[in-house]
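Reviewing the structure listed below.
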Amino acid sequence: MKVRLLTYTPHPIKSVFTAARTCYSPSTPTEIWTGDDSKERMHSLIDKVIGAGHQSVLEHISLTFSIEGISRSCSHQLVRHRIASFSQQSQRHVRVEKGGWVVPPSIENTRSARRIFQSTLEEMHSCYERLIELGIHPEDARYLLPNAIRTNLVMTMNLRELYTVSEIRLCNRAQWEIRGVFGAIKGELMKVDDLRGFANHLQPICYHLSYCPEPKSCGLFPVKGGTTVD
Amino acid sequence: MKVRLLTYTPHPIKSVFTAARTCYSPSTPTEIWTGDDSKERMHSLIDKVIGAGHQSVLEHISLTFSIEGISRSCSHQLVRHRIASFSQQSQRHVRVEKGGWVVPPSIENTRSARRIFQSTLEEMHSCYERLIELGIHPEDARYLLPNAIRTNLVMTMNLRELYTVSEIRLCNRAQWEIRGVFGAIKGELMKVDDLRGFANHLQPICYHLSYCPEPKSCGLFPVKGGTTVD
Amino acid sequence: MKVRLLTYTPHPIKSVFTAARTCYSPSTPTEIWTGDDSKERMHSLIDKVIGAGHQSVLEHISLTFSIEGISRSCSHQLVRHRIASFSQQSQRHVRVEKGGWVVPPSIENTRSARRIFQSTLEEMHSCYERLIELGIHPEDARYLLPNAIRTNLVMTMNLRELYTVSEIRLCNRAQWEIRGVFGAIKGELMKVDDLRGFANHLQPICYHLSYCPEPKSCGLFPVKGGTTVD
Amino acid sequence: MKVRLLTYTPHPIKSVFTAARTCYSPSTPTEIWTGDDSKERMHSLIDKVIGAGHQSVLEHISLTFSIEGISRSCSHQLVRHRIASFSQQSQRHVRVEKGGWVVPPSIENTRSARRIFQSTLEEMHSCYERLIELGIHPEDARYLLPNAIRTNLVMTMNLRELYTVSEIRLCNRAQWEIRGVFGAIKGELMKVDDLRGFANHLQPICYHLSYCPEPKSCGLFPVKGGTTVD
């Protein structure tokens, strides 16, 4: 898996600040935008607004990622997020090459399981090739391709939705692969000076609730009403 | 594949009529709702409003479908539609049983292809079972399950979005399986007296444009600017 | 103001139950739908799923309301909710009649303010009429109509979004009029046997967080980290 | 009214190209992104994809505008577009100053109408001030403020939605003020080299249908089935 932040709204701090100030100010957005507020002052207002739960101003920051080499299991989960834009490599139109699959760590780390997995995947891919040779169109031959097959996507998501999705996908109950995607996304944001202050807020939901909403906690926070962690 | 309309907004004609009239009338929605307009009169206004491209009134009709036994290829396409609600059978939590897969017609109708397909699917399922016996969690073992595996969903979509999605998915360029889903959805609506008048508008986009927007037409309509069908 | 539940998805408990069970069951939605689970058993599963924060199953319940006689201040706030469908009486096409305005209680209860308000509104409406007599189109004459002018809407919203919106609009920080709309909506749901169990969950956000996220609490819950209420 | 493009996704042509290519290519988005395709080649693919009606790739371009000095009539229409983000100056929290109102051209150009309009607006504002002096909170005093009062917004919209909204709001049937907003938005895009190629596609819907869907045409295109313009 490889995740890369391709591009994002320039001046993210100023954009969010201008949006937040516009709501409470007689000044026009242009006046606020071209003002000389320091980054510290801007981040201070942003933290106050976000802290009060008014996250809508974060929607003005758009982030575009390349997400490469994830399984189709993972992409099927990923595209369930509806406030985002996806352009995904098509299995109808792009012929799948041998070896392009994801091995779950639990299988990688169990020798007998790994052997079964690898040989099945290889057999499956050669059957896929044979179907195509028999004249079956790749869009139908792919019905025997496994979830493990790699896919690539370009994903654009705004920062508010990224907060919300991270609450679910950074949770230890999320599957390892999609948790990895959002961990990597957070890592990408941490590399950018103007995004680092926002990236720190990308956390599983228990950090915001101060309790675990699931029936059983992973140990980070106790369940609601519970005094100790299970 | 089995598609069934489980439930829908009662009084769909009156609902759309009330919404449409509210925009242009001094009467309240309650007055319009409890009025004694005939179904003919109501449908006549609706047709006029829809014909003028003001489809937003159709959003007040919500339709809930059971979609059963489609492949994971098809469900991956289906959940890309973002103005809809999906509850899908989870491969993380529900163990997959043998035999529950979809065979594309092109494979079903080619003897040698069918043999390869069936034996590969059986082999794959038995490897899935062996991985689970080795202690691999089903959520990881499923990485070698193929796209052909069946899944079930409950899908709720409003009527306006169903119009828009049908423009794409009833097109002959859509893959046979998802085209079949939306054909079956249209069939379900045709069975209900109060929905039949709406169902007739579920058509591929060329019916609305009077041309095919794709580079090459299937023959229903000529491409834009073309005088004859390819 | 008058709020009325015009129509809603029939069998709401069974709909949500079927959606929730589909995710974790080998049974098809049709099998679950036609099963003989009691309402108690169904509500028990629903409460468990909602309690764990998995509210997406609530999206399958669609509710259509008539909202009548609210001010344009209030409707401007209302239509900001984007996961909903609105059909609103048009000031471009419907001529506004005298007397159709909303008086805020703070003005109603202050004699001198009430007098100013009423005479200004009456003057304004007669100027509106004079502009139309001068040949100005109502869509332009309305520029001098005040926020207080009444409007009607048909609003369709799913139950999940209604939960989310109620968190904000039932808060004592929301303006009295839109808080009244969502109070009345909750009241409408409480009247329906099959919706009452859901209506109880419509609460301001502090009930779900166990703290007030705003800088200053209204008194229902202390602010985050605070031990006493201000 | 003043409209200004504050910021937008950098490298818009490359972003859309990368998204479009990813769907049909074995290459990763990073490889496509860092490739050396010329702008001409990129725009040629984009035009082909858009021409075929596959506009989803345009969603990766996010545009943030300052929209200043529009009436509340206009902003009430504007925020009805749900696939967009708005941060609007609040009449609850920002006290309205005298003179900040919009005069419709039809009123501006009719002397008697203009006189009525101006004196009514001035009277109304002074009553607003008197209510506040009497202790009425601005959020209630604003009930007598007219639609003409100016407001400011920061709006972020993706390019696909901007196409769709422009189809409606650049139509001659749209009200002059919101048509002006989207005309100005198009003008802002035309000023930027990398957006000009996209801006040319911002057109009323009749340009895309080759007919007018309304019952009566403004004259640009004939109504559907009509051979001449009314």
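First chain written, first letter: the chains are A, B, C and D, and each begins at residue 1.
By our rule, contacts are C-beta pairs under 8 Å (C-beta built on N, C-alpha and C of every residue); 3 or more make two chains touch, one makes a residue touch a chain.
Computed from a predicted model, the values in this text were never measured in an experiment.
Undergrad: Could you tell me which chains are in contact with chain C and with chain D alike?
TA: Both chain C and chain D are touched by A, B, going by the contact rule given at the top.
Undergrad: Go ahead and note the Å separation of the Cα centroids belonging to chain A and chain B.
TA: 27
Undergrad: Let me have the rounded angstrom distance from the C-alpha centre of chain A over to the C-alpha centre of chain C, please.
TA: Centres of chain A and chain C (C-alpha means) sit 32 Å apart.
Undergrad: Would you please write down the residue numbers of chain C that are in contact with two or more other chains?
TA: none
Undergrad: Line, ring, star, complete or other: which one describes how these chains touch?
TA: Shape of the chain contacts: complete, all pairs touching.
Undergrad: For chain A, which residues count as touching chain C in their complex?
TA: The touching residues are 48, 51-53, 205, 209, 213-215.
Undergrad: Where on chain A is chain B touching in the complex?
TA: Per the stated touch rule, the residues are 71-73, 75-76, 79-80, 82-83, 86, 91-92, 101-104, 106-107, 110, 112-113, 116-117, 120-121, 123-124, 127, 130-131, 134-137, 139-148, 175.
Undergrad: Residue numbers of chain C touching chain B in their complex, please.
TA: 2, 4, 6-11, 15, 18-20, 22-26, 28-30, 33, 56-57, 59-60, 62, 64, 66-69, 85, 87-90, 93-95, 97, 152-154, 156, 158
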